[in-house]
Amino acid sequence: MNIKVINKFLSIDRRIIYVLVAVVILIPIIKPLNLPVQVTKEVLGVYNEIDKLPPGSKILVAFDYEPASTPEMDPMAKAVIRHCFRNHLKVIGISWLEQGRGNAQNVLSFITDEFQRQGRPLKYGEDYAYMGFKAGESAMIMALVHDFKGACIRDYLGNDVYTMPILKGIGSLGDFPYLAVLHDDSMINSWITYGHEIVGIKIGALCTAIMAPGIYANLSAGQLTGIVGGLKGGSEYEKLLGYRGLATNGMDSQTLVHFLIIIFILIGNFAYLAKERNLRKERLR
Amino acid sequence: MDFFKRKFPILVVFVVGLLMIIAYYVPHKPFNQFEGGASMWYMIIRSFALVLAFTSLIRSHYLKIREGKLGWGYSLVMFLALIVTTVFGVLPYGKNNLFGTRSGTIYMWIFDYVNTPAAATVFSLLAFYIASAAYRAFRVRTIDATIMLIIAIIVMIGRVPWGEMFSEFMTSKISHHLVFIRLDRLTSFLLNYPTVAARRAVYIGIALATVSTSLRVILGVERTYMGSDE
Amino acid sequence: MSHYSPLATTIGIWIAVGLTIAIYSFLYKDNPFYKLAEHLYIGVSTGYLIVIAWTDSIESLLVEPLLHPRSSESYLIIIPGFLGLLMFTRYFKKAAWLSRIPLAFLIGYGAGLAAPPTIQAYLIRHAGITIAPIFNPKQFALNPMSSLFGILSIGFFTTLIYFVQTDRYTDWGFGRRLFIILGTVLSTVLFFIFAVYYPHRSLWAFIEAFYILLLLVGVITVLFYFFYSIEHKKSLKGVAKTGIIYLMVYFGTSFGYTVMARLSLAIGRMRFIVDDWLKKSTIQQWIIAIPVIIVITIILLWQENASRTAQKSE
């Protein structure tokens, strides 16, 4: 191959690459491919644990993701809350990330409005509650371990948690049968270290795809029951619940762009190897 | 006075740190009460530390506006956005449903339509940069880079519907014996074994480093938190 | 987002789309629209965090218990409140040393809290789960033949490592080298057969045993790679190299998942632009929006031009 052609290939304007990526993302949004999704055992680990909780059980959900991760995390957050309410579980939310509070409010109000429209209104303080943001990270978890209500005092609306019906019988973090952590950073490690290891609470990790590979070690050590990772994990959870949501539809674009990036990598490397071969030939001459 | 300026903080670190370690191994009175109480104190002091972080940011932009430095207009926009958001959030929730932090207020409207879209878009820029870097910078110069590239390609194909469909096609239509090189199963194997092994080693290393750093801090060997006077 | 009026929602969507396109314009090059969007975002997010820090932390954990105490012990909260206020003394040169006291409490608490649970959760737990399956009789059966070949395999392997490391391997002839290498391989295979395959008579048990050893080898070699007290040469270089291969597999899976994560965000934004804005916008909205966009553009370009002129004159 001519070295001038190779150099032209290697120095293609990056803006052309950006446009190609944008176009490939847009194609399935305009014309959906409706690709099927396969469920993995990691997602089943979270789904089955929530599914086997008896109706009326209280589940703690930690909304610890930033608005930046909303497109990836919101679909799985909505799926898990939907699952909890469908199974008549009582959801108690908490955040140790300040920005998680807004996401928690949006997800909870979205799902409760949905159930309201379906003729099953959910009452705040009895069917669900949100404690708001509590500063302190690991200290917050330790405070929850010792005295859940004492660590919260007020919920995000300013209500006294001691008089809330949903928190009746909850003295410590260990009184919850399950904790679902929606996170986009390493706070899962603190929940495991101070939650699971001290009081033995079962934890399911629902995280961004960046975090997922790193916490497989925790899964294999039995510190997590399952992992719902990224948009793929969200799409699997949606399939288990029986609907095609934003996560499942997003997998169409994800598929195409993955293949585009693989093509970019292969073309870039073929051109690079061809250039190296040509240079070696030049040197030998 | 020198004792309170230099020695007293180190003593506080030692006493609090030691009591916290004892409380973990002796979960009875009075240590468990200390642990619970200290956790509440930490949460409260930490809240003030958050506010301190914001004041530093505000101060730097305020100086930029006051001195009329280049781009002071943008700092003014930042200030106005900050003041508007804070005022609408801090005011009590009343009958007009506009103030406060509940759903449907101006504060949450700003979060939903300014904060969230801007944050998500800033981080999504990386998607385009990754694509550009994959084409221009990801080169198989060494064997290690080649291994990383092959694994990345397997994972990127194995975790999307087309990869799963192709794997299903391989075993059902071509040969059942190809089950061991199905891309989705290969991805699962890579995530559950080699990745776990590397990550476990990293965790063990982190645990050792955390313990050694904690002991150094508690025993007063590490004093960088004291600032430049020490 | 259904809690807002239709007008508020419409204005909100247009602002969100404007910010999205302004930030994406950075992909072309840095420009005033991007700077405006960036500073607006910083201001809004900082304001948001200040409010949350006040309402959910300081007000609910400090102010409320003082105003409505549950018991006389609630007044003790005033001490951490006072310590928190001391943190602001760092802005006053003469009193800055006072800020070390609350900081010392935070540091001491964090250090003391971190150490023991981290040992349990990450050192003991993960080291244990790596080693324990090896001593599990259901995985590796203990019988005379498996014990014999297990000891032989460890013996051959350590002999090989020792003689390679001490350079005595190079003095050996072909026969001796073949004996040691064949001995290592055969004894390991026979150990597997007598410890795993023979007791269980199942290929799956064999594969599981292989996976356990794969994990053990991976953990040890990666830990060794980060161990710098011994020089990584000769056979130890091979151990470190194996660790690097495991790390490369880890980085490869991380890269694949990172691509997935970032693309998810871009997909979300594109879907918002198409589904929530383009498909739902009306001509009336465009008629109002276009003049607003033109005015903002003129102001930004004028401000940028004025800044450049001021910079040139300096």
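In order of appearance the chains are A, B and C, and numbering begins at 1 in each one.
Note that a residue touches a chain if its C-beta (ideal position, glycine included) is under 8 Å from a C-beta of that chain, and two chains touch if they have at least 3 such contacts.
Because the structure is a prediction, the values reported are computed rather than measured.
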Key: Those chains which touch chain B and also touch chain A   = C
Remark   = If chain centres are mean C-alpha positions, then the most distant from chain C is chain A
Pair of chains whose C-beta contact count is the highest in the structure = B-C
Request  = Could you tell me the distance, in whole angstrom, between the mean C-alpha positions of chain A and chain B?
outcome  = 14
Key: Separation of mean Cα positions, chain C and chain A [Å, integer]   = 14
Centroid spacing, where centroids are CA-atom means, of chain B and chain C in whole angstrom = 8
Inquiry  = Counting only residues that touch at least two other chains, what does the list for chain A look like?
reply    = 18, 21-22, 68-71, 98, 102, 106, 109, 134-135, 139, 142, 156, 213-214, 217, 220-221, 232, 254, 257-258, 261
Ask   = Got the chain C residues that touch at least 2 other chains?
value = 1, 3, 27, 45, 48-49, 52-53, 55, 57, 61, 109-110, 113-114, 117-118, 121-122, 126, 129, 250, 253, 257-260, 263, 265-266, 268-269, 272
Message = Give the residues of chain B touching no fewer than two other chains, as numbers and ranges.
response = 38-40, 42-44, 46-47, 50, 101, 103, 108, 111-112, 115-116, 119-120, 122-124, 127-128, 130, 134, 149, 153, 156, 159, 191, 195-196, 199-200, 203
Ask   = Of all residues in chain C, which touch chain B in the complex?
value = 1, 3-4, 8, 11-13, 15-17, 19-20, 23-24, 26-27, 35-55, 57-58, 61-62, 76-77, 79-81, 83-85, 87-88, 90-91, 96-97, 100-119, 121-123, 126-127, 129-130, 211, 214-215, 217-220, 222-223, 226, 243-253, 255-260, 262-263, 265-266, 268-269, 272, 303, 307, 310-311
Contact set on chain A toward chain B in their complex = 10, 12, 14, 17-18, 20-22, 35-38, 40, 66-71, 98, 102, 105-106, 109, 134-137, 139-140, 142-143, 146-147, 150-151, 156-157, 213-214, 216-217, 220-221, 232, 251-252, 254-255, 257-262, 264-265, 267-269, 272-273
Query = Which chain A residues qualify as touching chain C in the complex?
reply = 15, 18, 21-22, 25-26, 29-30, 68-72, 98-99, 101-102, 106, 109-110, 113, 132-135, 138-139, 142, 152-154, 156, 158, 162, 189, 192-194, 196-198, 208-210, 212-214, 217, 220-223, 229-232, 246, 249-250, 253-254, 257-258, 261
Note = In the complex, chain B touches chain A at residues 32, 35-36, 38-40, 42-44, 46-47, 50, 101-103, 108, 111-112, 115-116, 119-120, 122-124, 127-128, 130-132, 134-136, 138-140, 149, 153, 156-157, 159-165, 184, 188, 191-192, 195-196, 199-200, 203
Query = Tell me, which parts of chain B touch chain C in their complex?
reply = 4-5, 8-10, 12-21, 23-25, 37-52, 54-55, 57-58, 70-71, 73-75, 77-86, 89-90, 101, 103-104, 107-128, 130, 134, 144-145, 147-156, 159, 187, 190-191, 193-208, 210-211, 213-215, 217-218, 225-227, 229
